[in-house]
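So, here come the structures, one by one.
Across the two complexes that follow, chain A remains constant while its partner is chain B and subsequently chain C.
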Partner chain A sequence: MLGATLSRWTMSYFAAALVCLVAGLILTASGFGYPSTAIEAPESLVVIHLFAIGWLGLLFAGSLLQFVPVLVSRPLEMPHLSLPVLLLTITGLGLLLAGFLGLAGILPLWSWVLPLGGAVLALAFAGLLWMVTRTLATARPMPLPAKFVALGCAALVGVAASGLLLTLPLSGLTANQYLVGLLLEAAPSHAYLGLVGWMTITAIGVSYRLLTMFLLSPERPRMTSRAVGWLMAVGLAMVAFGTVLAGAGTSPTATIYVATAFGGIAVLIYGLDVHLIFRERKRKSAEMNVLASLAAVAMLIACFALFGASTMSDLPIDLARPAAYLFVFGWLTGLGLGQLYKIVAFMTWLECYGPVLGRAAVPRVQELVNERRSSTWFLLYFGATVAATVALIADTPAMFRWLALAQLAAVCALAFEFTQARRLAIVPQAVRLPKGAIHPRLFLPSFKGSSQ
Partner chain B sequence: MTTEFKELDVRPILRDGGEPFEEIMKAVATLQEGQGLRLLAPFRPQPLFRVMDSKGFDHEVFELEGGHFEVRFTPRMEETVAVSDNAISPALWPEPSVQLDLSDLPPPEPMQQILAEAEGLEPGKVIFAVLSREPLFLFPELTRRGHQWVGNYDQAGTAYRIMIRVGSGGSNA
Partner chain C sequence: MLDPLEQQDITEKARQQLSTIIDPEIGRSIVEMGLIYLVEIDFEGNVSIIMTTTTKGCPAAGFLTEAVKACLACVPGVRNVDVTLTYEPVWRPEMMEA
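Presenting the complex of A and B:
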């Protein structure tokens, strides 16, 4: 069969992801974890992994299940793994967080909890990789966006494997010299593999398809886009190499710097690509999701500028951690929220009105969301994120917590807008539920549907 | 469309007693998409034609002065056409009774228009539509409603063309 259908469990992934984002922001705003404690402290590890795996990991996994079929024009392979992968990710994350809380002295410490959490997460990611790579493998030749996703998959293997190895010495189960060396040196590489390697490379690849689609811009495999892929691949290989060496006691700082330089050049070229896609668009009005994506890309470039500045050793202020913060909240989260705004409305529209299209009057996708109100929340979100980054650079923790509260408010408001879209709450009554349309459930699949 | 050629002269290699096959394969591997290969050889490289054919290249042979040959290998532009599982003999479908240019509409409006058009037509009639890209979510919906379709991108890859033969009501109708 050709074409793409709705991914059955993607909306559940998104719901779980948003719960993690809200929980993480509540913790941050209440002073739990970084920056109130050191970034290596167990409390910080709780918050960081809640954002990285709970929010971003589930968001990306759910999106991949929906969009990899769109990239290769084939249905998802092994779709019945979607629910087990979701449940395993949540379970693994729960165990991992329990392990960190044990290290922080908040929960009783069982040393096996951390490695078990790592192993369950590795299993979950293996399931995700199985579905994604099998689906990609059906495409010959592979379109460029799909190649980015494949490269991102390689990084996901790296981040899951390094994470699992890190849990062993961290939980005290082993004093193996190599693993302890890894624990002392490899955390930045682990973060790079996840945030840049998996998520950024995947997001860049998928955006080449989605941005051109929403803007009616010609999609062509440009030389510049290929260069972005190659530069990212070299950076990724450097970091993987550095991670392996880290266990032997060699500091991987140099490889991270070089990889960041490669990544920086890559995102500059990517920024140029986005500019070209935007300039060649046939559709003049840009919707909220595109504007949010553009803001996110601007922040991505700013992050690498900050990372670059942080390598200057005589700076009296810490720029690397604020840059990482902006990377997670300005770039990845900003982009994620912007895309969710569109994807949730579109998936809901297709699920509800797909069967009656052409047979009855139906609303437009835009009528499922309130763009004016949502744009206020996006403005609040991005404003608070930039200000929070400045507060981190200026080292004013009290101010930072207020700004995290503002981020939390914006995210809650956007999550409310998403549920309004799912409920068809603002759709004009005359076209809300024509005969034959299926009212979607809030975040569970409707079991009667024929989509997967 | 004129094909751009990369030139490879294997005469010096053969003159020095070398084996050019590897060089030729290397040159083929570095060809850009759509690029052809112009090969200059002191004889007609008959065995190469089959190898290149299996790699998707047609050939044209020109005899040069001195009994040498120029062979132009041109990549075949394969018109891959996607066909719905339920489509029967698309080559025999009647001329389209409706032509739609939907290339300026943002998704999912093309899908909506095509489905609406199909509802108003008698079974057996054919719709031809041009879109800016492959309507991936439309394909399963067409099949579900019992319509048959074939489609592909134009050669420049900037427009997607689809022909739909209206069915007599699908499983969900």
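Presenting the complex of A and C:
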């Protein structure tokens, strides 16, 4: 049969990701890590990796397992690796965080913990890449969104490899001159490879398909979309080159600046593409997931404007870190929460009502969610994120912590909405559980049926 | 053996029955959405359906084809139902009924 299947473990990835997001926001609101401590301090590294790997990494991995098959109209290859990859990611992240906590003097310091965590994470990402790239390889010709995902995979190799290498000198296991040089210079490149290279390029590619799918907009090959891919690829190559040179003591700052300029042009063109997709839509009412995505794209463009402004050396304020903050929470997290809102309901519908479609009356996907209530939480989230970015620019850490608390409240409320969708709590009673339908489990897979 | 009038009658009933299946995302019937490309019945009551989904690789595709089979199986006069999923031509939003 042509087509994709339901990814069996994706909901578990999402649940683990949300736990990490909530944990990270609790730490931030309580004054642990950046901006209460320096961004390179071990406490900050705990929080940063909890967000980057725990929240965003698991969110993207779980989404890829579900949507790469949709992009190429083929079932996922090696789906039985999904659970080991999830467990390895959680284990690797736990070890990495334990290593950082050791450096902070909060846990006993064992020098082998950080490299072991890096190695376990590299193994987890290798498993993910194996599933994704083998599935992509079955598509001939490869559609444009899939090419973006393939480019993102190349960046994931870079971020996993650089991350593993960074753990060696950081843990004190080696004083190798090249690796120490890498530690001193390559952290921004490592972050670029992960947040821009892997996640942003993948999100842009997948959004070309999902936005047209959910808005009933024509999916047409555009020169502009290809230009976005090429600009991102050139930027990525430059940062990878800069990372390699960083070990030899050459600062990669110039390559990051140039790559950011390329990225800035790319996101402007991407914004134009999103505008065209939205304008040509057949479905006139835009749902919450689309509105949240549009807000996230606006923040992405704002991030690059802030990054651009931060390169002006005579500015009395720090704009680069607030821009990075807005990038993680306005763009990636905003987009992630917006898409989760739709994906959780959509997958729950497929799992529960798909098998009885045509045999019984079933609700629409939209009837699994409470759009009005959720819009309040999204408004709170995006408002708090923008205000928190301003608080960082204004260097008012106390205000920032209150705003992080508001973000935490919004995320907890949204997580509650997701569980309501999983529990079918909002579905009208008459169609809630038709004969033959199986109530889905909260975040573990149902072991019946044909889903992978 | 079905005569042409009976074939036409069953085809009409089949279309009506298919109208009860909704596209889960849009909430409109798959007939209104233009997802059913062909409904054909032979003189023995075997129905052939050619249909599509709004997106190639749609995770709901398998459920939609199974739903079409299950829903047509209860139409009087229908013996077997054969459903073919195609993306030639690719579905476009203009194919929806106004």
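Keep this in mind: the second predicted complex is superposed on the first by the 451 of 452 C-alpha atoms of A that agree within 3 Å, B and C clash if a C-alpha of one lies under 4 Å from a C-alpha of the other, contacts with A are read in each partner's own complex, and residues count from 1 in each chain.
Here is the rule we use: contacts are C-beta pairs under 8 Å (C-beta built on N, C-alpha and C of every residue); 3 or more make two chains touch, one makes a residue touch a chain.
Please read all numbers here as calculations on a predicted model, not as lab measurements.
Colleague: After the overlay on chain A, what do you see for chain B versus chain C, clash or fit?
Modeller: Result for chain B and chain C: clash.
Colleague: Just chain B (first), just chain C (second), both, or neither: which does A:Phe346 touch?
Modeller: In the superposed model, A:Phe346 contacts both chain B and chain C.
Colleague: For A:Glu371, decide between first (touching chain B), second (touching chain C), both and neither.
Modeller: In the superposed model, A:Glu371 contacts neither chain B nor chain C.
Colleague: Could you look at A:Met213 and tell me whether it touches chain B, chain C, both or neither (first, second, both, neither)?
Modeller: Touch partners of A:Met213: chain B and chain C.
Colleague: Does chain C touch more residues of chain A than chain B does, or is it the other way round?
Modeller: C
Colleague: Once the structures are superposed on A, label A:Gln66 by its partner contacts, choosing first (chain B), second (chain C), both or neither.
Modeller: second
Colleague: What is the contact status of A:Glu77 with respect to chain B (first) and chain C (second): first, second, both, or neither?
Modeller: neither
Colleague: Could you look at A:Asp318 and tell me whether it touches chain B, chain C, both or neither (first, second, both, neither)?
Modeller: neither
Colleague: Which residues would you name on chain A as touching chain B in one complex and chain C in the other?
Modeller: Overlap of chain B and chain C footprints on chain A: residues 1-5, 69-70, 73, 213-214, 216, 218-219, 282-283, 346, 349-350, 354-355, 357-359, 362, 365, 450.
Colleague: Touching chain A in the complex: which residues of chain B?
Modeller: 82, 84-85, 104, 106-108, 111-112, 114-119, 132-134, 136-141, 143-144, 157-158, 172
Colleague: Over in the complex, which chain A residues touch chain C? Could you list them?
Modeller: That would be residues 1-6, 66, 69-74, 209, 212-214, 216-219, 282-283, 346-347, 349-350, 353-355, 357-359, 362, 364-366, 450 of chain A.
Colleague: So in the complex, the part of chain C that touches chain A is made up of which residues?
Modeller: The contact residues of chain C facing chain A are 20-22, 24-27, 53-71, 85, 87, 92-94, 96.
Colleague: Where on chain A is chain B touching in the complex?
Modeller: Touch list, chain A to chain B: 1-5, 69-70, 73, 213-214, 216, 218-220, 282-283, 346, 349-350, 354-355, 357-359, 362, 365, 450-451.
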